[in-house]
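Each of the next two complexes has chain A plus one other chain: chain B in the first, chain C in the second.
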Partner chain A sequence: MKKKTDLLLLLPSLAGFLTFFIVPFVYSFYYAFTENAFTKKFVWFDNFKRLFENEYFKLAMKNTGKFTVLAVPSVMAISLILALLLVRFATRLPFVKSALFLPVILPSATIVMLWNAYISTFTPFHSLLLIFLWKYGGLNVMLMLTALSGMDKSMIEAARIDGANVFQQTVRVTLPNIAPTLFFTFILSVVNSLKVFRESYLLYGNYPDETVYMLQNFLNNHFAKLNYQYISTAAIFFAVIVYTVVAVVFVAEKKWSESIW
Partner chain B sequence: MKTVRKTPLVLLAVCLAIIALLCAGCKKNTGWKAQSSPAVSSSNSEEQSTAKPTSFTVSSFLHDLFGGELPKDTDRVNLPAVGEAREYDIPVTAFEGCAFGSSFYYLDSEDKRVFRLDLETGETSVFTDEVKNPRLVGTDTDGVYVYDMSAKEIAYFSFDGERIASVPIPVDPHGGNSYSDVFYAVSLEHYDGLLLLAVRDGVWTLSDGDTEWKMAECELLNGEYVDQAAIRSRRRLVISVQNPKSGAERRLETDISGKNAKEFPGTYSSTNALSVNQGKLWRVTSTTGCRLYEAEEGGESFVQMLTGEGHAFPVVKRVAVSNGTVLVFWYLSGRVTLLPMNTAESVRIIASTYRQEVVDTMMTASTETPVQYSIYDSESFLEKLNLALLSGSDDFDIALVSGADSDTLLRAILKNKLYVDLDENEELRAHIGEMFPGASNLIGTDGQAAFLPLYMPFSIYGFDEAAQQSGIPLPSGKWSLAEFKAFGDSLAGTGYSLFPDGSYGDMNFALRDGGFISGLAQAVITGTTDPLGDTPNPETQDALIELFSMFQTWRDNETLFGANPMIRETAFLVFGTPGMMENTEKSNLILLPGVDGGGMPARIADYLIVNPNCPHREQALELLAELTDAQNRYNYRIFQTPLWPGVMEYGYPDVSTSGSAARKTPAIPQQYEGYAAKMDEFLPDYYENSKLCFVYFSDEVGHAITDFEDGKISGEECAKIFYEEYVYKLKG
Partner chain C sequence: MVKKEGKRGFFEKKPGKKLYKRFRKKSIVDAAASVLLVLFALFIVSPVLIVAVRSFSEGVQPFVDFYVWKPAYLRGLANSLIISLSASLGTVVVSVLAAYVFAKVKFKGRGVIFYLYIIVMMMPFQVTLLPQYIVSRRFALYDTPWAMILPGIFAPFAAFLLTQVMKSVPDELIEAARLDTGSTLRIIWHIIVPTIRPGIICALVLSFTEQWNAVAEPIILMETREKYPLAILLNEIQPGDVLGFAATLMFFLAPLLLFSFFEDEVMEGLGDYGLK
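Coming up: the complex of A and B.
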């Protein structure tokens, strides 16, 4: 009975997920193997081959990869350090949390307007990176602070009595305790870095400087050019990358948790 | 347990009863004043002294039934359905009118009474109760409303002409905006429990049961005045405003307070009459004949021509659409016409508002195929077209795509084969062959004719008289980029330059030499990159850098521009102003040098495609065949591309004449006949050597060329800007 009720409550959400995600995603597979959305001629893996040969797809992948590799570790490290400092020294934690969350709820257009008005000396790539760190760093810190606040303080106390210094307390006790949150924020950061587009679009338009031509630019521009087979193929490729990263992180988390506990 | 459950229900019922009693006791003073006319008894007057009469009407019943607002499709006019056109004579002094059911109520400037024309019998009767100076009339399901300018009130009559009540107007008529008092009030309507009075400087509404008029605070800009207004629903109004200086018109839909306004897309024709019925907004213009349009969100569709017999001054004053019938009241013509609505199968063309005039001309030019069209806001047209093509829509037969909308859509259309091969129609194939000799590659792909060009913005160059007398060997016909380089290098130290210095008056560089430079860059891009491919050829950027380094050398040794130019632009778009055609008669027309030994980059700005999913495929092709016949192909209002042969035949047809009797103003002035003959000779070569090019002149490119000419940027920098604008944006 309870299972049935759960399913019933989930139904609206599942219906939306099915309609707006699963069905189009299945269609993407269809388009990815056809000549185009109009002639519908089956062409096997031609679209994948042409996509991997496409200069602009390669450029978009390179830029997106570079951005993710730089942005995710940076945002994770900065967030963690800030969270650890705040939990130790901050006196008004709820206020700090709210302040940190502010960039997430600020509209991208506002951020970009402020950026253009006051800070426009950076290169396009660095501009985008800094905006990303500012925007998503706050969210990560907030999540980490919540995890840190909920941690059992007696464990740190015990480690301190046993003679562990601050670094050892952090590495050996604090981090393993908030590991699930760290993995979650990591996945969130990876996904957000792969999707970075709004700020890039608002700052530099559909055809930005080639250093910030991202995968989303490619998808968006080729939609306007009616290249649905390209968009579908790229979307599948993109999804595979995201799911692989998530799977790897889940496995790593599981193994790490097992090795600790 | 049962008692506990019933208690809330009982309480609720008691509360509702109290609220109902309170409402009944608080009935408002409505502002409507009953008339003490002989037709109304004193007892009735007493009863109606505080409100507009509340007799049972269809309107009030529906109003109550649907909770305060009538359903959108309510027919507020209920005209008789007619199988064929009917015309009724009324006095030519009739200046205002409004229809309901089988009656047309009108006002006469000579005889200041309200007249009723029976639309079944053609008989006319008169309202017995008088009004001092009636200026506007409106009808609803419950009676007739008349604006009396002298009495400064709106009088309410029964359909039998019995004056029942009146209400004072909210403002004094005045001659603001340089209009006399007579033209002060422009629209009067009653619908869905709302009375509307539109005056030149505002729109006022009065809800039934209310005492105070409310003004819709729509913003009038730069001396605009309200031209017309109509009630769309109890909560929404449609207002048309005009600027007396520019003649520009804006149409807005607002709520009754004038807020939450949304603007209808602009059109090139101004409105004569606005009408709302069954949730639809109708508009009549008289710019090129009287035309009825149905306005939609983001655009409008042509419905039919409105015609009547013997009108000296065919301008529509009022229109009503109902039951498949269109009622037209002609301004100062003494006529009322009932027309059956056009339901014939037609070829449907879609276009952006930017090109409405072209579609309009196409429709007029077509005598054999019935045509209808819809136009959409220029900003959203491309998106609509993309989605229509993506979804395999059969809502249209032909699309007129404008280069201003997109420079990449044509490429997408060709690449995805989103067209009907125009060669399917033999007549059309023959016409295209005549118009673009040897240019099958120019208008299609894979041996198919994919589109019909309407506007090709190209320039024609020639060796100037000075060049012919210089003694320097001049290339003829096709020439390669290497030959061009050798020719340019040979000018060093001769006192001759490639292009003229300075410009034609206020014309920018594009009409001086930038067009040639830009055209050459486009030739390089077209020659080195597969135009339909998805990825740029790595050679393209190098070739552009090499080209601009060549120009830089000539710029620095002062042979790029000078007083003795060898090459001059002879015509821009061919049909240019005479000032742009100096020395054209003495110039030898030349092709642009091409990377593969020749080839002019041909840009297509406006073109027609036939929707592969269209419901009238054959008729659509027949229409195009008709538009490209010898009669229509030289119509400059449709084709702005020089065709071979007969450049001199191009002209602007007089809109008041048609068919073989059509008078034309030549597009090329008579004195350039010699030049036109040269063009005729040159065009077959031009078309044979043209290649489809998907790039457009952009501001960035324009600035880059100017900066390059002024020495502010190097050739390499200029080449990179060209690459970004023309290759990255095309394929990225």
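Coming up: the complex of A and C.
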């Protein structure tokens, strides 16, 4: 197993990964801190300042934030309840298990087609929220279900013998046990909630209703103007927020599962 | 079920009566929960059923229209197939090799590089889109299928998933194979690939659907209408148009077939995905 040449096998993947993701990402930092592509003047945080004063950026951040804050807890709660129910029936109702996964592979265009034809009575914001729950609820249930069925049953049995009721068993034993999976699905849900632009674009195009003007709409419209500075500044600011959330949740999850054991 | 109840009864003071009550209450709750789950599954599946029924509501005419009168859609379908197949096959090949190194070869910096993959994997596409755009401009990939295919091949998702899967391959198996051949590539091809087949298929199916369903990337990375994948073109069909339902059905046929064919593998592979 200790063969020096084996390391070469990583090379194709790593080279492409660096070329298409890491190096250009570093490059976008350069854009974020320079005046424009011609003068190449280093301007510290001027681009950020200008960005925060932009009305549309503020609107986009507000809508994106509002959507994620509403969508992620809802999808987590619904899928956790369904997973806890389903873990008892997984073997008896295999149909349900396959059905749950269907939305993940189903193209957004399909949903949007139906949404337009039948269910356009909701506000744009609520439409997107419902589509999000429909689309990613199943995936979360699947992941939680795998963790739940892999759990050691004797621990729950022990808690039950000690007199814990079903609610206590769930909160004190089951949930801390699947904490890593919960953390993982939470992060996945956050990232997926930012992907809702797909449905938004297919439903409402480049210039949607003000309530669903998301960050991606802002970026798209600036792509049209080839405004690298704005796009990279917005992207970096956005990345900072997302990873702060991830880090906070990560620490919280560590504390939580340690405090129990 | 009944046997389990009997076991529980062992800890009860009055086993007989309580056991009976408990069992009856449980089966009602069970039934209610099953009904709820089946209803939920139907709710989830309903869009597929509606599209299928609607697109056949006027016979096969919409499908004939789709294939014969709308070459634009046919070309879109071909574009989607080319992009999705190349990207998913490519990413699996590159990632199996990388996953072997991540899971089975110890070296300095392995943890750091693997974390970098995870960080980029979690990055919202809003953040990676500009870098992709910059690269596609610089390497003259802009407005060619390669602008989609190459980032698809090197996206970290498959490498991450396959590394998780590869960790479950016993070291002894590889050591034993070492006695027969010195070539790691042959060990990967003959021993490891058959062992982790479900994981590989799972990565393939998920990468394929990811590319197949992409909307934001083609808008940014391409501009010629003839090169657009079908996902973008579907947007332009009038809502309620029967042709639209036929086109939609054709569009999700590929992921649906893939999934129904490889359902067990995808489910098994996803199990490893969740285990971080």
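Throughout what follows, the second predicted complex is superposed on the first by the 241 of 261 C-alpha atoms of A that agree within 3 Å, B and C clash if a C-alpha of one lies under 4 Å from a C-alpha of the other, contacts with A are read in each partner's own complex, and residues count from 1 in each chain.
Just so we're on the same page, contacts are C-beta pairs under 8 Å (C-beta built on N, C-alpha and C of every residue); 3 or more make two chains touch, one makes a residue touch a chain.
Everything numeric in this text was worked out from a predicted model, so none of it was measured.
Looking at the shared chain after the overlay, A:Glu210 reaches chain B, while chain C stays out of its contact range. Within the superposed three-chain model, A:Tyr201 lies in touch with chain C and out of touch with chain B [touch as defined at top]. When the two structures are aligned on the shared chain, A:Glu53 is found in touch with chain B, with no touch to chain C. In the superposition on chain A, contact is made by A:Tyr228 with both chain B and chain C. Contacts of A:Ala252 after superposition: neither chain B nor chain C is touched. Of the two partner chains, chain C is the only one that A:Thr181 touches; chain B does not reach it. For chain A, the partner that touches more of its residues is C, with chain B and chain C as the two candidates. Applying the stated contact rule after C-alpha superposition, one finds that A:Asp6 touches chain C and leaves chain B untouched. Contacts of A:Ala158 after superposition on the shared chain: neither chain B nor chain C is touched. 228 are the residues of chain A that lie in the contact sets of both chain B and chain C, per the superposition on chain A. Residues 386, 389-390, 392, 406, 408-409, 411-413, 415-418, 534-536, 612, 724, 728-729, 731-732 of chain B touch chain A in their complex.
By the touch rule above, chain A contacts chain C in their complex via residues 1-3, 5-7, 9-10, 12-14, 16-17, 19-22, 24-25, 27-28, 82, 85-86, 88-89, 92-93, 95-114, 116-118, 134, 138, 142-144, 146-147, 150, 161, 180-181, 183-185, 187, 191, 194-195, 197-198, 201-202, 205, 215-216, 219-220, 223, 228, 231-232, 234-236, 238-239, 242-243, 246. Listing the residues of chain C that touch chain A in their complex gives 11, 30, 33-34, 36-38, 40-42, 44-45, 47-48, 50-51, 94-95, 97-98, 100-102, 104-107, 113, 116-117, 119-120, 122-135, 150-151, 153-154, 156, 159, 171, 174-175, 178, 184-185, 188, 205, 209, 212-213, 215-216, 219-220, 231, 234-235, 237, 239-240, 244-245, 248, 251-252, 255-256, 258-259, 263, 266-267, 270-271, 273-276. Chain A contributes residues 36-39, 50, 53-56, 207, 210, 213, 217-218, 221, 224-228, 230 to its touches with chain B in the complex.
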